[in-house]
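Pasting a structure below so you can have a look.
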Amino acid sequence: MSSIATASNLLAEQFCSVRQQSELLCGPLTPEDMMVQSCAEASPAKWHLAHTTWFFETFILREFASGYQSYHPDFLWLFNSYYNAVSDQPEKKLRASFSRPSLDDVLAYRRHVDAALERLLREDPSEEVERRTVLGINHEQQHQELLLTDIKHSLWSNPLHPVYSHTQVSFANPGNPIPMQWSKYSGGLVEIGYDGDGFCYDNELPRHRIYLEPFVLGSGLVSCAEYLAFMEDGGYQRPELWLSEGWQTAQSQGWRAPLYWHKENDANEWSVFTLRGNVAFREIENTPVCHVSYFEADAYAHWAGNRLPTESEWEVAASQMSVNGNLLESGALHPAATELSAGLQQMFGDVWEW
Amino acid sequence: MSSIATASNLLAEQFCSVRQQSELLCGPLTPEDMMVQSCAEASPAKWHLAHTTWFFETFILREFASGYQSYHPDFLWLFNSYYNAVSDQPEKKLRASFSRPSLDDVLAYRRHVDAALERLLREDPSEEVERRTVLGINHEQQHQELLLTDIKHSLWSNPLHPVYSHTQVSFANPGNPIPMQWSKYSGGLVEIGYDGDGFCYDNELPRHRIYLEPFVLGSGLVSCAEYLAFMEDGGYQRPELWLSEGWQTAQSQGWRAPLYWHKENDANEWSVFTLRGNVAFREIENTPVCHVSYFEADAYAHWAGNRLPTESEWEVAASQMSVNGNLLESGALHPAATELSAGLQQMFGDVWEW
Amino acid sequence: MSSIATASNLLAEQFCSVRQQSELLCGPLTPEDMMVQSCAEASPAKWHLAHTTWFFETFILREFASGYQSYHPDFLWLFNSYYNAVSDQPEKKLRASFSRPSLDDVLAYRRHVDAALERLLREDPSEEVERRTVLGINHEQQHQELLLTDIKHSLWSNPLHPVYSHTQVSFANPGNPIPMQWSKYSGGLVEIGYDGDGFCYDNELPRHRIYLEPFVLGSGLVSCAEYLAFMEDGGYQRPELWLSEGWQTAQSQGWRAPLYWHKENDANEWSVFTLRGNVAFREIENTPVCHVSYFEADAYAHWAGNRLPTESEWEVAASQMSVNGNLLESGALHPAATELSAGLQQMFGDVWEW
Amino acid sequence: MSSIATASNLLAEQFCSVRQQSELLCGPLTPEDMMVQSCAEASPAKWHLAHTTWFFETFILREFASGYQSYHPDFLWLFNSYYNAVSDQPEKKLRASFSRPSLDDVLAYRRHVDAALERLLREDPSEEVERRTVLGINHEQQHQELLLTDIKHSLWSNPLHPVYSHTQVSFANPGNPIPMQWSKYSGGLVEIGYDGDGFCYDNELPRHRIYLEPFVLGSGLVSCAEYLAFMEDGGYQRPELWLSEGWQTAQSQGWRAPLYWHKENDANEWSVFTLRGNVAFREIENTPVCHVSYFEADAYAHWAGNRLPTESEWEVAASQMSVNGNLLESGALHPAATELSAGLQQMFGDVWEW
């Protein structure tokens, strides 16, 4: 077997693995769960499964797989998200009405497209097919992030607050909170943007030079307990801590705490909704606060006497580290507590900018 | 067996029959279909099945069935619609997020409640239990109307326009349109409101006297073809035909035809969406126009040189007829064409005021 | 001088008097005040002055006054409200941008139209001119009601709460509240609708017979103190007192008291905004509550164990009385307290249905 | 007289001059014009006059002028815009209801504050008073930009399209369009941010170093004729030219041309509303297009094969030029056509980023 075929076989295996991952993430869900679109920004889980499939069918199979028979003529426009050049598309809010095609039908659609694409990949594919497959894989991984985010919101919207995962996890270190340490960076004339020869998104290019003043980064993430101190110091009532647009948004939306923080009945203590259901605050107080908006993060930083890092500062620091962290594979499905450590940590996984 | 027990047995049988009917109406639907809430006024089919069950559990079993164990403690408030005296209730729009309880769970809820209520009815029930059971049966029949209306809208909202029923039906008489005839009524001092000793809704009471001037009623319903003539005569562009509020509503909502009328692609002919899918206009042109608002009906009547009957006029005429018509039992699921006849017809079934 | 000329002269004098009244009502206002449109339902005072003039110009002068020169070619559509048959018209909310024409220009427009119409009326006018003049006079009187209502709301919207009238008025009888008495009516077959040969609005016709059951009417209007008792008994928190649509409206709009009732700073006592500025509650507690919606009035009536009268019941009772009351001419600009009296009172003036 | 006194006298004169300028800009307006708030982003002209006065009173006179008597106790909060630390403030949309205080009253408020501040400035003021006066002057100049922008929109909103200025101006060069030339910049490590010792806004600090790749800038501004070419090439119908959020905004708002471009009646040619009223397109086709959003400018640049400059690129180029241009003092009140020139021009005045 030639080395090219081997590379394609690896790609085929990666393709199958990522495709399988999407369905595994939906494992705890019923077909009914996968219908829910709980806010305008979200999509039903079933739609994610169909749309990622549509991507491979539309941009690879329809163009490059000779003799390919599309699964259903209407799916070309039905599962288009916003690629105006391909076709018109249904209004986003209509996705909640897609009881048909059924989940079984969408899974059969996946089988159909997966088989055809795997065949194409194993038969000496063109470079363009490989390039687009890698793009499609990354596209699907992006949607896996959305999947979990949208699932969490849909379960939260159900007044019964169903639990996604019943596996046990130890949310936090048993000891005391870790005091913030600071990592120093000299800045100077640096390069940012992708510089490898593999895949990257278009907004990671072009590689270019920028100048950074020296800066420091906190060694870990802000914990729920630290954020609660901000709240208890009037964080949500003090306009001087907020950006003007942030303050207006917080007022008009009635923000009083991060999304998913609530007080059950008349309890005094906060409870936080997670993919493992509601968790008492004391159990996760040392884990990073998450699902806060940019405005909330900025107000917190002001309150703490700091500022948020710029994207460039973050990238420079992150590019010097290996990609390790509490990623999807950890199965935690929640950010982990910062560890006592000499240096920067938690740059990958745990919490991503939204 | 005493005659009282016999009456209760009849009631138990009627109860079972109506309960079964609701589930039969959902027969063509998948659990996913039964999740869809396609507009703010509608509810998912699964919610209708649960809420009608909640009614029997809340107002009969919890109060009158000694030792009754409720199916689920949260269902008391989860499936409350707007009975503020019973409990708080979830916002209506949240009903689309009720993937849990599942359809299977809701059906088990129905089994649980049905068994308990049937047992209660067969064991010499009190008059109040009987009275409330009759009320619950009528409540459920009302929701059966809503069910079909909401299902139709949910299927229409799906861009694929799925078909509810594949059985064939002959929509219209093959011959020519039936010219409108007029039935005369002398009016005078008449009584309206319910005057039997069976069930009626509270807004059908009290029986009271009113005076009506002599009036005439059209013998049948306005057909799609007649309504199209109104449209082709500029009906939707002529403010003088409309009530002021109707005109504003029509303009702001962009009304150009009845709901469910559309032109496929670039076709010249109208197509009408029904529970049997899209139907070409010529096939149903002699059937009554339906799903028009009060404002559209009023504008049509003005255009035709007539006016809509008052509720009292309608009731006086209807009360002199036996309740026959194209009701749910006909299986037509669509209004039938007017027949050549010497007198008033179609006062029951076919089209109801919305 | 012929008798016809005399009748016309009387009409001309009435015309001049009503036209003058509109301007007198604007007397306390500055040109700037007359720009304010404080809610979507209201119009600026200047617009009322122009629109009522437009009515006479459009429907009488342009059609019947030979050689009439219109004041400004654009005013035909600029000051049209919703007479679609005459012309297009600007969106209602744009009226707040009509700084031009200036108030001076609008007053000159009034002079121009008044002179032309008075000339027409004094020169043996046709019956149709007289008929339309009477209609225009009534139209202007309707707008005088709107004027005062809109002015009140505009002054209320200004955070400084300016005062419209500084003249003193004694709002209430000094003594104790008058207990409600009841006037009895036998009902039966009665006629309603206008039956004179003078002016009436189209919705006052045709005169027709209806049947009324015997009924009683409260002798006077509900006072602020009585309404406060309803509030203090949880009136705005008890859904069972409200119509379903009323309850939803009250909740979504946050109603807690009638419009114009407020508590200044941290005061415990209510204050009520009137055309004479803010008035302490105790000063007006015996005057009729006003500016309550139909829903609030209905909830109050339920709470008090009564119901609102129907329009027909009101008309039958009112038609037996002479038109006397606390009308515009009294100068009170606020409803007066009920007086100790043997029979029905306050059927005209004081409070009108909105 | 000491040199310090002289500096303060100069500041006093500058203060008086800028204060006078605001009132001069309102010269063509009536008190009624100065009430109009034609969209949520705008404020009435009268409010601008009062608010800029409030700034001097609140931050200088109340704090530093011993014995200063405030003009009106309520003005402290009434004319606050969004300085939450000073006081609560009225909702922005209420500004259209401020018929009181009258324009005369607001002008008297200006006289009162101007006199007190001039006195303070001429009496050996503290450095802090001088610093805040300079800030207040710049604040007022910012509001002068808003004034003209808001006035233009308010006149445009009036269906009569009143003219602000009747003075004649030659909008464009008579000759042919000037072809775009390109100015080259070497980039490198540069400093941006204010580096003088006079006034600057807080967002112009701190002075800091950045790195720029070499870049070129177009020598002049994009003309209306060039923009029309974009439109005629389907610019508003081609999603591929737009940022995703821009496309959505353009679709949802129905953008088809820049604000103030319209076609009168059924004319084929565009007409553009200016502070001198409607102008035929051919008269201004060589002047810069203005009142386009960032999204429109970006789509145009894409279409033309270019990109918009970054703020840093613009600042580096502009900082090398003297501040000359078609500024307020020119009296043109509209951007002027680009001139045939060897280098960069129109960096000041003409069009500013909004």
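In this document, chain identifiers A, B, C and D correspond to the written order of the chains, with residue numbering beginning at 1 in each.
The working rule: a contact is a pair of C-beta atoms (placed from the backbone, for glycine too) under 8 Å apart; a residue touches a chain by one contact, two chains touch by 3 or more.
Just so we're clear, the structure is a prediction, and the values are computed from it rather than from any experiment.
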Of all other chains, the one whose Cα centre sits farthest from subunit A: C
Separation of mean Cα positions, subunit D and subunit A [Å, integer]: 41
Between subunit A and subunit B, centroid-to-centroid distance (C-alpha), Å: 45
Approximate Å spacing (C-alpha centroids) for the pair subunit B, subunit D: 59
Interface hub residues of subunit A, defined as touching at least two other chains: none
Every chain pair in contact, whichever chains are involved: A-B, A-D, B-C, C-D
Footprint of subunit B on subunit C - complex, ascending: 82, 84-85, 189, 208-211, 213, 239-240, 244, 247
Partner subunit A, residues of subunit B touching it in the complex: 29-38, 46, 74, 78, 90, 94, 96-103, 154, 157-160, 162
